[in-house]
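The two complexes that follow have subunit A in common; it is paired with subunit B in the first and with subunit C in the second.
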Partner chain A sequence: MESLILSLLIFFPLLGAILVALVPSNQHSTIKGVSLIVSIITMILSFAVYSWFDEVATGMQFEVNYSWVTSLGINYHLGIDGISLLLLVLTTILTVLCIISSWNSVTKGVKGYFVSMLLLSTGMLGVFCALDLFLFYVFWEVMLVPMYFLIGVWGGPRRVYAAIKFVLFTMFGSLLMLVALLYIYFQYQAFSGEYTFDLLKIMGMPIANQAQLWLFGAFALAFAIKVPLWPLHTWLPDAHVQAPTAGSVILAGVLLKMGTYGFIRICLPLFPDATITYMPWICVLAIIAIIYGALVSMVQKDIKSLVAFSSVSHMGFVMLGLFALNMQGMQGAVLQMINHGVSTGALFLIVGMIYERRHTRMIADFGGIAKVMPVFSAFFMIVTLSSIGLPFTNGFVGEFLILLGAFKANYIYGVVAASGVILAACYMLWMYQRVIFGRVTHEENKKLTDLTGREKLVLIPLVILIFWIGIYPKPFLRRIEPAVKVVLSQVSRASTVQLNEKFELEPVPVYGETGEVLEKTLTDNTGANR
Partner chain B sequence: MSEYLFLIPLLPLIGFLINGLLLGRLPRPVITIIACGSVALSLILSVMLFVELKSLPVDSRVIEQTLLPWISSGDFSVNIGFLLDPLSAVMILVVTGVGFLIHVYSVGYMAHDPGYGRFFAYLNLFTFAMLTLVLADNYLLMFVGWEGVGLCSYLLIGFWYHKKSASDAGKKAFIVNRIGDFGFLIGLFIIFWNVGSLEFDVVMKQAPLVFAAGGALITTACLMLFLGATGKSAQIPLYVWLPDAMEGPTPVSALIHAATMVTAGVYMIARSSSLFVLAPDALMVIAIIGACTALFAATIGLAQNDIKRVLAYSTVSQLGYMFLACGVAAFSAGIFHLMTHAFFKALLFLGAGSVIHAMSDEQDMRNMGGLKKHLPITFMTMFVATLAISGIPGFSGFFSKDEILWKAFSSDHGHVIFWVIGVATAGLTAFYMFRLIYLTFYGNERMSDEAKHHLHESPKSMTVPLMVLAVLSLVGGLVGMPHIFGVTNYFEEWLGPVMAGAHEPVSHALASGGGDASMEWLLMGLSVALVAVCIFLAYYFYRKNLKATTSLAEKLSGLRTLLVNKYYVDEVYGALVVRPTVYFSVFLWKIIDVIVIDGCINGMARLGGDISDTLRHSQSGRLRNYATIFAAGVVVLVAYFVFG
Partner chain C sequence: MDFQLPEYNLQLMLPEIVLFVWALVVLSFDLATKRKSGSAVGYLAMAGVLITGIVLAFTGHGQGFGQMFVADSMAVFFKMIFLCAAFMAIGSSFGITKDKIVNHRGEFLGLMLFSTVGMMFLASSNELLSLYVGLELTTIPLFALAAFFKDDKLSVEAGIKYLVVGAFSSALLLYGISFLYGLSGSTDLLLMRLNLAASALMDYPKVAMVFVLATITILAGLGFKLALPPFHQWAPDVYQGAPTPVTAFLSVASKAAGLVAFAKIMVIGLFAYYDPFVAPIDWGMLVGIMAGSAMIVGNVLAVRQTNMKRMLAYSSIAHAGYIMVGMLAMNELGLASVGFYMFAYMFANMGIFAVVALIEERTGSAEIPDYGGFSKSSPFLAVSMTIMLLSLTGIPPLAGFFGKFYVFAAAIRQAGSDPVHQWMYWLVGVGLLTSVVALYYYANVIRTMYFGAQTDVPRIEFTAPALTVILIGVIGTVVFGLMPNVVVEFASQIPISDMIILP
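== the complex of A and B ==
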């Protein structure tokens, strides 16, 4: 069972999608019901993975490795560490919530919509489990298609423009990634005589400095577009504003994480020297993103584009934490990936709820909502505070660790980025004030109804996560820690590689083969911590 | 007993959860019992633990309790743990004691408000956060309380959220505090990366070993922490939110914006005394900022007509005194004034609330007058508080203020200028407070007939807390009488084990013998005399000879306009910080984002499109064209091979 579980997790939604496709298009409730059940079972499967996961072990777990296209050395190689584990769980939870939230809001093309949701789920889960670069690439592209349709078909008035922009940006990045991937593939053959896309094997290959810079650049561009890192972010506000609620939730909650996940999984371990070289540049871009995203967010008139720009700022924090290249920064960054999924996901759901009632998202169209929708306002407040990063909410733990790590890396990074914390309060509270406080000035707002049971059901799990991660983050941090240690030890090879080139010593130990060596030092570390 | 320490903050949290989750659906008496009861239990527990702490030997007066691990990452780890020592014991008594009285008072004050349940839920949440702040055993948990009280302050200032001014004020408070929190965080980073821990006892023990005394690192760390304190405790340059915070219900002003939350900065610095004594330059900055804020805010207080605004500026000014004390390394004097101030300022605000309540929500003192006979209890209690804040000998404020003034003069970090500013502020304080009393309770009844008709003394639930606080304002200072009175300063002795350098000034004062003692008597006499003169001036201008006031105001109209408009500081901030930020943001959005970045990218896309479009035309499908190009190609190739 344990060896099958990841495959089951990835392909169960696909199976569900096929099942839904077989239901006649006019039987809406069957389509919705089947989709919901499939997504719930997928979520339970991810919980099973979570509970079977060995939280102290280093290295990949639940690994399966079958030959797929033998002649090309492409393998069906899956496996997860603590980072992928949490992202998997986040993905399945958000998918369930999205399906519930779309219950009444989707009226046209119901079947296509839910099939897309389930397909998307397969693509996302696959990306987080793939340990073969080619497989990774396949899932990465698979994910793009249903998202394109979600925006392009069920989106707002400028949906086609937004969808095409989204696809072009991503495709541009993925083409570069494909080129880099093939280069590595042939490079590895020259190094070891074997054709393979296996990530763990490739990690052991020393790559010349100059080549690392190019390869890192190609992958980084693909991932940075996804994050999105300033100045590659302009597709995001368009995509968010036009996407349907569930599309925005998945986009912000999971798809953006693909970018940062790619950095952790591929860029940092494969190109340690390039990582060190590029680190200051990426940190500076991340800090620009933090401040820039926050400032632009402050003057938005549409709530959704405000949240979209706030994502640019928050993802800047994640990037800064990753490239602080120390324990606190990176652990905080991984946790913040989850936090952003939870909090921003919840924000988009909330915006969706009010949009369904008023069919507008302009801040100026609201005001005085606290009076008519007190429960809604309370949920909104909690999520707002979590987005601001108030202590005892999830956002604080992540941001604090990131800033702590960034400060250690270079105190100027820490100081400048910390000012983003002030700006976050400005844009969120100002928006909250204009939407929720004041008197009801628009006649249409006077008869708004408060949250329904279904809507509360969608928000309550996220609120629980907000406080859980905020007050007792230990279960999450513990699972992230071993994985982050591995990544850090891989990055720390950088100086070794340089030494080897200089003094022509023996080649660097290969990660897959000398796993024991690594594991020993790592378990010693964890032992000391416990 | 000590294993119940965690219940002190937890009980109000439970109260909040019950009242908050049920969204005020419970009947009012139940809400009242849960809200007041939880704080009352905390108060009882605090007293019991205080007694237990007192029974321990002086050197081991520490009770610690760790609840659960909170954040740990690599070599960083903090717990959710509580620390009861003499300092936090004083604080929890003040917080639960004054807090309980204000809860009771609110039962009467908020009786007719539709948001009754919500109000008490917030009030309980505040009490929880404040108790967490003072009981935390590490900086990060303190920061939780620190932000928590800020949140409650935000929620309670904007309690009447339908008023734009109220929600504006709440937002302003939160954002200005965030600027301070930024400093607090930077301070924590410096401390952690040098000491390797954020726990108070580790930091205080390690700091002298790790940091070079007077070095740039520790000075920066202390200044950053102090930046946090200027936000929370409304000091220059971040005081601007506190006067606006008066938009909140008056019990909130009393509890949060006078007695407890705004003193958190003072507490934090006293808690970190071992760090601050390592940074004399930072101490000097604190003393200067404290002294300046004390004087500056007092002058604004002279010209305000809104009864709550006078008290708000008075609070800013009194907080300045506390920082002055900290800045001259007289931390226990600062905490002593924090305590007495909590009594008399809470009383003044609650009294003002009682007046506003009686006046049907009128806050302008120009429309009051002659209320003495209508509100006898309110008048008597407020009068006691006024005597206390003015520093009339025997009242609580006298002892604490006198100690600060003496330390400002005599401490190693002190200076005669600090004393002069302190005494001048004392004079101004006496003046504006008696002005408030005369305008409100004496003279003609200037209110409308309708308002006059409704005048009534407040109900028992409001007047009893006033009376209790009046007693505390009267006798609360007796625990900290100066040595020259020939008695022990119990308060200083109690805090001694916690405060860095606590013994220094004492021994200094004792050792130098008679000369210093007579100096101390002299300075005390001078300040009392000045206060007496100022009270007389207030009597002359606002009771005896009102015409003189008008003519004086005309003569000094320029100064008066400046004071009434609070030196235009809000306007200056608006012009220099707020508006440029907004304009810059719009510029980033409309120009950089839409035109430059997106323009470039769309331009590239269009360029790609144009190129393809041009190339498309070459695929004309006409055989003749293809043949021509083919022939040209052949010619070029042949030429290349022949001549190349």
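== the complex of A and C ==
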């Protein structure tokens, strides 16, 4: 069972999608019911994975490895560590919430919508589990198609433009990744005589410095478009704003994480030398993203695009933490990936709820909502504060760790990035104030109804997560820690080789093959910080 | 004088013979029933293709007629493609109405089968003259087929255009072949290569000029057949004007035949990269430029097309470019990737044309804007078309993606193997960038079908054969994308066939 569970987790939504596709398209409630049940079962499966996960073990767990295309050395290789684990759980939870939240808002093409949602879920779960580069690429591309339809069919007025832009940007990046992937494939063949795309095996291969720079660039471009790192973010506001609520939630909650996940899983371990070379550049870009995203958010008139630009800022924090290349920064980055999924997901859901009532998202059209929708305002408050990073909410823990890491890496990074937190407070609170407080200035707002039971059901789990991570993040951090250590050891491996090339070095243990625990104890200050 | 007859091994030619006889039967069946056979003759033709396929599967490998006729992995693989394409083209031709085909259904199908025989013969020939004969048998029926709708101006124009260009390119090809024969004294491909290399080693300056001339004329001839720029201008007009099943057949089977001819003459006969002992001339870079411009021209011009068939014509030019990238990789992945790409391309393209034919028969239009709201009126066809278009785009896990991946893999391997071939990275780069452009115009069709302005598209009824064709297309695209193993194993035999000896 344990060896099958990842495959089951990935392909159960696909099975569900086929099942839903077989239901006659006029039976809306059956379609919704089946999708909900499928997504809930998927969520329970992910909880099972979470509970069976060995939190102290290093290396990959629940590994399966079958040959797929034998003659080209392509394998069906799955496995997860703590980082993937949390993202898996986040994905399944958000999928369930999205399906509940779009219960009434989707009226046309109901069947296609839910089929797309389930297919998307398969693609995302696959990306987080794949340990074969080819398989990773396949899942990475697969989710483009349902997302294209989600934005293009059920989106806002400029949906077609946004959908095409989203797909073109992503495709551009991922094709470069394909070339880099093939290059590594043949390099590995020259190195060991074996054709393979196996990530864990390739990690053991030294790559020439110059080649690393190119390869890192190719992968990083694909991932940076997805994150999105400034200045590659221009698809994001369009896609987020035009997508239907559930699409935005999945986009912000999970798809963006695929970019940062790619950095952790592929870029850092495979190209350590290039990582260290590019580190200052990426940190600077991340800081620009933090400040730029925040400043642009401040002037948005539309709540949804405000949230969209705030994503740019928040993902900048994640990138900064990642490329601080130390324990705190990276742990914080991984945690912040989850936090951003929870709080921005919740923000998009909230925006969607009010849009369904008023059919406008302009800040100027609201004001005084607190009087008519007290429960809504309370939820909105909690989520806003979590997004800002108030202590006792999840955002605080993540951003604190990231800033700690950034200060350790270079105090200038820390100082400048910290101003992003202040800016976040400005734009979020200002927006909240204009929407919620004051007098009711528009007639239409007086008749707004407060949250229904279904909508509360959607928000409560996210609020619980916000406080859980904020008050007691230990269970999460404990699961992230071994995985982050491994990544850091991979980075430090090559940096020591680079620094001490002339000296005889003890062979560095390659992890993963048998999942053995690293013998080398690591300090959290790697060679990177020198 | 003691003259020994070569071993004929006639049984190797059995598939061709069966199909040829069957084509005659199809022709006469239509006559015997006083042209009232209707769709029965179509089923008869499809059965013939199926039977030939079965015969082919049991024939096995070997050489006949001395070494002139070879049945090796490459021949068998491509024959499968030809037969599949013929099957699907015939299947999608059932809907052609009586007044358009003017009661010549027997001739229509007979010609298509004759053309298929020519392709199969071409795939097996190991010698320049029989190769040329095979190529002519392939194209001459296609001239007539392209102009089959006599009352349709566009169709007639397509026929004439194709005839002129086809005849011209054949002449060029023959001209080049005559040079090669003059230089080497042999029409046998392998012998030719050895003799050429030997004569080049001995007195290069004398023969160099003729070599270059021969290579260029042959490249031009084959370039016309494959519609590689700058010899591509005929393709859009012909594709648009010809009856849709014929266009489908042209874009897949005839292209595959051109590729086989290219592989035989250029790859096997004249190894691409200069090598003092095997290859006298380096034509790799030249074809590289042609392939690169095919990808650019095909993809960029496809963006502006509003007619589906015209768009597919440009996209087929682009696909020929991708395939040539694989062809240029002279390693064990190269020809295998060409085979796989063609195989994947066949399912998707034939399936798409089947859908286009259905829509055209119902609404009389192949304009993309007229597909608006198509997803509402015929959801099954729209989903099928979407899957196949995505395969052409190269979205995993569909077969088209794997083909593209395979081709690029071969090219990158070649580029990495020798610093001299590093320009192949640029070719791969062009391929990738243009793939993004391709995504745009394929997605545009999907966009129109799903999100476009609602036009009054009637529900499209389909006949059983058309449904079969579309199902084959979709299932092939999906199954060989998820499980490419079988075909990859088969395709990777191609470069180690009897007659291919790569240095």
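Everything below uses one rule, namely that the second predicted complex is superposed on the first by the 497 of 530 C-alpha atoms of A that agree within 3 Å, B and C clash if a C-alpha of one lies under 4 Å from a C-alpha of the other, contacts with A are read in each partner's own complex, and residues count from 1 in each chain.
Definition applied: a residue touches a chain if its C-beta (ideal position, glycine included) is under 8 Å from a C-beta of that chain, and two chains touch if they have at least 3 such contacts.
The shown structure was predicted, so the numbers you read here are calculated from the model rather than taken from an experiment.
Once the two complexes are laid over each other on the shared chain, residue contacts for A:Tyr278 go to neither subunit B nor subunit C. Of the two partner chains, subunit C is the only one touched by A:Glu141; subunit B is not. In the superposed pair of complexes, A:Leu168 makes contact with subunit B and with subunit C alike.
In the superposed pair of complexes, A:Val415 makes contact with subunit B only, with no contact to subunit C.
Look at A:Phe216: by the touch rule set out above, it reaches neither subunit B nor subunit C. Judged by the touch definition given at the top, the superposed model places A:Glu481 against subunit B, while subunit C stays out of reach.
Judged by the touch definition given at the top, the superposed model places A:Phe317 against neither subunit B nor subunit C.
In the superposition on chain A, the residues of subunit A touched by subunit B in one structure and by subunit C in the other are 168. Residue ranges on subunit A touching subunit B, taken from their complex, read 168, 231, 234, 292, 295-296, 298-300, 326-328, 331-332, 368, 370-371, 374-375, 378, 385, 390-392, 397, 400-401, 403-404, 407-408, 411, 414-415, 418-419, 421-422, 425-426, 429-430, 433, 436-439, 471-474, 477, 481, 529.
The part of subunit A that touches subunit C in the complex is made up of residues 25, 68-72, 134, 137-138, 141-142, 144-145, 148-149, 152-153, 159-160, 163-164, 167-168, 171-172, 175-176, 178-179, 182-183, 185-187, 190. Within the complex formed with subunit A, the residues of subunit B that make contact are 23, 68-76, 80, 140, 143-144, 147-148, 151, 154, 158, 161-162, 164, 167-168, 170-171, 174-175, 178-179, 181-182, 185-186, 189, 192-193, 581-582, 584-586, 588-589, 593, 597-598, 601, 605. In the complex of the two chains, the subunit C residues touching subunit A come out as 379, 390, 395-397, 401, 405-406, 408-409, 412-413, 416, 428-429, 432-433, 435-436, 439-440, 443, 447, 450-451, 484-485, 488-489, 492.
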